[in-house]
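Sharing a structure with you now.
All chains are identified by letter, namely A, B and C, in their written order; residue positions are counted from 1 within each chain.
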Amino acid sequence: MSSELKKIGGSKRFSAIAIHNDVVHLAGQVSQLIEGDITAQSKDVFTKVDNLLAEAGTSREKVFSVQIWLADMREYDEMNEVWDSWVENLNAAPTRVCVEARMAKPHYKIEVLVLAAL
Amino acid sequence: MSSELKKIGGSKRFSAIAIHNDVVHLAGQVSQLIEGDITAQSKDVFTKVDNLLAEAGTSREKVFSVQIWLADMREYDEMNEVWDSWVENLNAAPTRVCVEARMAKPHYKIEVLVLAAL
Amino acid sequence: MSSELKKIGGSKRFSAIAIHNDVVHLAGQVSQLIEGDITAQSKDVFTKVDNLLAEAGTSREKVFSVQIWLADMREYDEMNEVWDSWVENLNAAPTRVCVEARMAKPHYKIEVLVLAAL
């Protein structure tokens, strides 16, 4: 295990990935599908997560904690359909918490914060 | 310290416990006491936390970070009464953050996310 | 790396700092500038963060994850001005997530949760 801190990608404002002590921290992931419904945005967000995990050198199986924010909790079931298919082939799903919150842009319907083992 | 990732309990949708690098991550804990007020639900939630910590091989003393969501911030003082008695015999309380949010079910008055050392 | 858990400062209710496995966890930081606008409160909050990081034996450069709650997302740009100047001299900014939430006191306009490497 390396205790060196590594930050990857993103912008001047925030890194996309931080790695420390074999833990991968992803920046909050949102979807730019402005017209996308919760299903489209959720799929888009989890695809971004998969891509960032790969870039960090890990994968969906190693995710152990996910925080989910929904702009509208009435879309919980639709988000869960996407989630369930995202986790269905894993040996075990991550821990998870999901609450409602307004996000940085009005078209964001979902934001996720992901922690994974390296 | 083991850098192996271990996930315990819960459901197909999410694990109840994830252990990595001697850190125990619990899934967001809520209360199914549908008629319970904030005091009853808070006690229920922290009892669940104690039980999961025990299952993970750790205890309340080793908790170092707690996020708390309240459905109604006007119930902050009542939640704190339960919290204060939960931490009163510890050598030191965890770090904490508490904000308001709507949760997955309308009867949820509190949800907590807990990190503990193993 | 020490896997010993250390908690520093704060109150009976919560510690200001917890250190475990070379990760520094700060309690949620808010501003007591009751009359302060988002700019004043954001500057105050990030100054507190700097001070706590120093007390923990680390610094802004080593921060790798920040959660930000705003009481009013319409103040996102003003918060970001303070943020951008807080991170501008870093080799790389932390990962970040920002959502809206009501906080424990009505005058809180911002709360932040900070993780840093030791």
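Just so it is clear, a contact is a pair of C-beta atoms (placed from the backbone, for glycine too) under 8 Å apart; a residue touches a chain by one contact, two chains touch by 3 or more.
Note that the structure is a prediction, hence the values are computed from the model and not measured.
Peer 1: Chain B and chain A are one sequence twice: same or different residues at the contact, by the over-half rule?
Peer 2: Homomeric contact, different residues on each side for the most part.
Peer 1: Any idea what the CA-fit rotation angle from chain A to chain C is, to the nearest 5 degrees?
Peer 2: 120
Peer 1: Quick check: how many Å separate the C-alpha centres of chain A and chain B?
Peer 2: The separation of the two C-alpha centroids amounts to 21 Å.
Peer 1: Out of chain C, which residues touch more than one other chain, so two or more?
Peer 2: Touching at least two other chains: 1, 21, 67, 101.
Peer 1: Sort out for me which residues of chain C touch chain B in the complex.
Peer 2: Per the stated touch rule, the residues are 1, 3, 5, 7, 10-18, 20-21, 25-28, 67, 69, 101-104, 111, 113.
Peer 1: Tell me, which parts of chain C touch chain A in their complex?
Peer 2: Within the complex, chain C contacts chain A at residues 1, 21-23, 62, 64-65, 67, 73, 76, 80, 83-84, 87-88, 91-101, 115, 117.
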